[in-house]
Amino acid sequence: MTWKEDNWLLRVRNLTKIYGDPGENTLALTGPAFNTNQCPDTDSIVACADISFDLYPGEVLGIVGESGSGKSTVVKMLYFDLEKTGGAAWLKPYNDGCINILEESNQRKRYIRNNLMGMVYQNPRDGLNFGFSSGGNIAEKLIMAGNMHVGNIRGRAYDLLEKTEVPVQRMDDRPGTFSGGMQQRVQISKAIANNPPLLFLDEVTTGLDVSVQARVLDLIRELQNMLGIAMIVVSHDLSVIRMLTDRTIVMKNGRIVESGLTDQILQDPQHAYSQLLVSSLL
Amino acid sequence: MNILEVNDLSKVFNLHILNEKKIEALKQINFAMKEGEIIGLTGKSGSGKSSLMKCIYRTYLASSGEIIYASRAGAIDMATADDHQVIDLRKSEITYCSQFLSVIPRVSAVDVVCENLFRIEKDKEQARETAKGMLEMLGLPTDLWDAFPVTFSGGEQQRINVARAIIARPRFLLIDEPTASLDAKTKDVVIDLISDLKKNGTSVLCISHDEYTLDRLVDRRLHLHLGEINDAAVVEAN
Amino acid sequence: MVENIKFSNKYNFAFIDESTKKEIRRKLLKAVAIPGHQVPYSSPEMPISRGWGTGGLHITLALIGRSDVFKIIDQGSDASVNACNLREFVNAMTGCETTFDTSKATLVQTRHRITEEELNENQIIVFQVPLPEPLRMVERYEYKTLQMHAEADYSKMWVSLYEAYVRYGAIMQGSGYPVMVNGRYIMSPSPIPRWDTPNLHQAKTLFLFGAGREKRLYAVPPYTDVEPLEFEDVNFEIEDFSKSACYKTGFKKAFLDELYADDGSQKYVISDSNFLDKIDSEEETHQYTNKYIDQLEAYDVERG
């Protein structure tokens, strides 16, 4: 299998999110060079701007940066949680990558979310409905993809929970009764329920105990090996990025300051901010 | 045919956070490497051996110059190629084995060794058998096979490191001090294993301080001094 | 204008002024045009409290004409307090004839039941609806339920049915079982028993639903598909009365009310009071049929 340029899975160009009304110079007066996201003229906030990258099938891309750098905003726009201000994204399995998915109707977006993407949030409450059982949460994804057979739904949920090492006898318990690490596992089960080619992971291990964190990371890595699913891993933690990703984008003040192979970013960072980030790695 | 041509390669580290301090690691490096050749890279520590190797592997970005690698799909400049192209080559042709084992935690020794092999050998158990055979040759005690290498001694880690680098028979191998901290017997095993690779067409760039290893293994030597190739010291081996 | 003994003032025919009736009729037309879709309406003040049948009453009064024959039931009974008061009110405000006889009525208002006897093309049945929003139990925000309906995003509803099945081994929704109307909107049929639900499907009659407190109208036009939500392997079922029978008539094939005597003993009686009277006096009746009742009967025969 050799790399071909037009073989991309997800193509993102000039993705931009601005809160408030931007002025003429908003983009010119914000960013890492000015060390601010806020436009001095209009007070609008540039969460991220001009984000462009290609993701290839099975590739794991890291997005690293401090809080407020806009890294979560990028994946939230791609997962349609946030409305974009500008830019475009194309997904190969959706109409052969010919349609800007960010401009699609809500119904089409929901189809894309359910069938072609998965998302694991930092806070399990964002990804799971705590009023439903963990099996019910997985069922939601399966039902949305048109599976209307309770027996099949339960069989698939059982397999997924087993794969993510959640005790299957707790399938009918609500996630509120689970530990934090287990909630993340249920979230991962739900995210991969329809075998999407693309998975977003937004700070998934932040706030977990170190040992629990390690097991969740192991699980993600195993799933990647097993399913060959492409991932975008958002984290402020370079150890997570080092362990999971092939390639990394470094963000600051809503802009990409550097992108490259993960080992290159870690050992030969080019931008001043990346150098600072790497030098802070324990 | 040359598998690698390095032309006017320079590497300068620009440390923005240390008042724009500049460190010149490599200066105008030129050399070519024939397919199937084993080149020994020598020089004092700090002479730029590892920097050169990392530039070729793209862990370091070259500041100027070309690193033309003749891949199966055609010539590629490793200094400027697309990241994805480099990732693809790393998965299919080029393996880098650093001096120190840096592995993903909580993975058993056998699976660490297998990592590259899993890509080409779909039967995982078969791959593990191959890995065990190699670990046995390298004399790693059997009770360590299922343990996590993070806790191993330097010599044990070194064996794991060498085994994982050569097990998938890469087309081009970059290997840093493969025989340091090994006993004489294991050293011979490693040298034999690498020589075996060469017989199968693998080209090897090998950093070593060990005269015995260099004498037995390499076709010729490149000597680096303060980031430059010291032509006077290029010695034809054997 | 209608003069009556009870109120000294004169009122417009059917109490509500003509322009408000017009508004309600327009909203009803819209509701009929989009089967199962909830249409907001003015819900004017009435001389009864909201939540006591004002929605049904609005529709009745907006539609009723001088020649209409009016019947009203409350959980099947023509004689409950709510039914009696509303009947008297409609009669006082219109002078229209009222009846207990289902087959004679042209306009039927009901709370929580459909008549046991099948209604025809010339009849209209108006439901008093307490909670028009079927998604309310899975989504508390109105703006979200509106969006869910607009985009036909009903996954949460389905998951709640899945959860009910997992928890109780069956979908236990006792009344107001959610239905899919015309393959597009999920609708609450108001709290009618599951027994009545299949009778909405491809019916001859126009069904109108009014929720006065919630200010919503909706409709199922005649000959419209109305399907209870079910999974491929977990199906909708109606109440099974084959093990019990009406204590007065011995009749089994009708929706039965459970009665408890002072000594705690339990007995059943036909819920629809007019139907009970007709069975009791052996008059001719024309009951609804549907596949669920057929299945139960077949099962009953099998069991002996």
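Here are some notes:
As written, the chain order gives the labels A, B and C, with residue 1 at the start of each chain.
Here is the rule we go by: a contact is a pair of C-beta atoms (placed from the backbone, for glycine too) under 8 Å apart; a residue touches a chain by one contact, two chains touch by 3 or more.
Small disclaimer: the values here were computed from a predicted structure and weren't measured.
Here the chain at the heart of the shown protein, by mean C-alpha position, is A. Relative to chain A, the chain whose mean Cα position lies farthest away is C.
Per-chain CA centroids place chain B at a distance of 79 Å from chain C.
Separation between the centroids of chain A and chain B, computed from CA atoms only, is 33 Å.
Averaging Cα coordinates per chain places chain A and chain C 48 Å apart. Those residues of chain A lying in contact with chain C across their complex are 106-107, 110, 129, 132-133, 135-137, 139-140, 143-144, 148-151, 153-154, 172.
Interface of chain B with chain A (complex): residues 13-17, 54, 58-61, 72-73, 82-88, 92, 104-106, 118.
Interface residues of chain A, counted against chain B in their complex, comprise 1-3, 5, 54, 56, 59, 214, 218, 221, 225, 243, 246-247, 259-261, 263-264, 267-268, 270-272, 275-276, 279. Residues 147, 151-153, 155-156, 158-160, 162-163, 165-167, 231-234 of chain C are the ones that touch chain A when the two sit in their complex.
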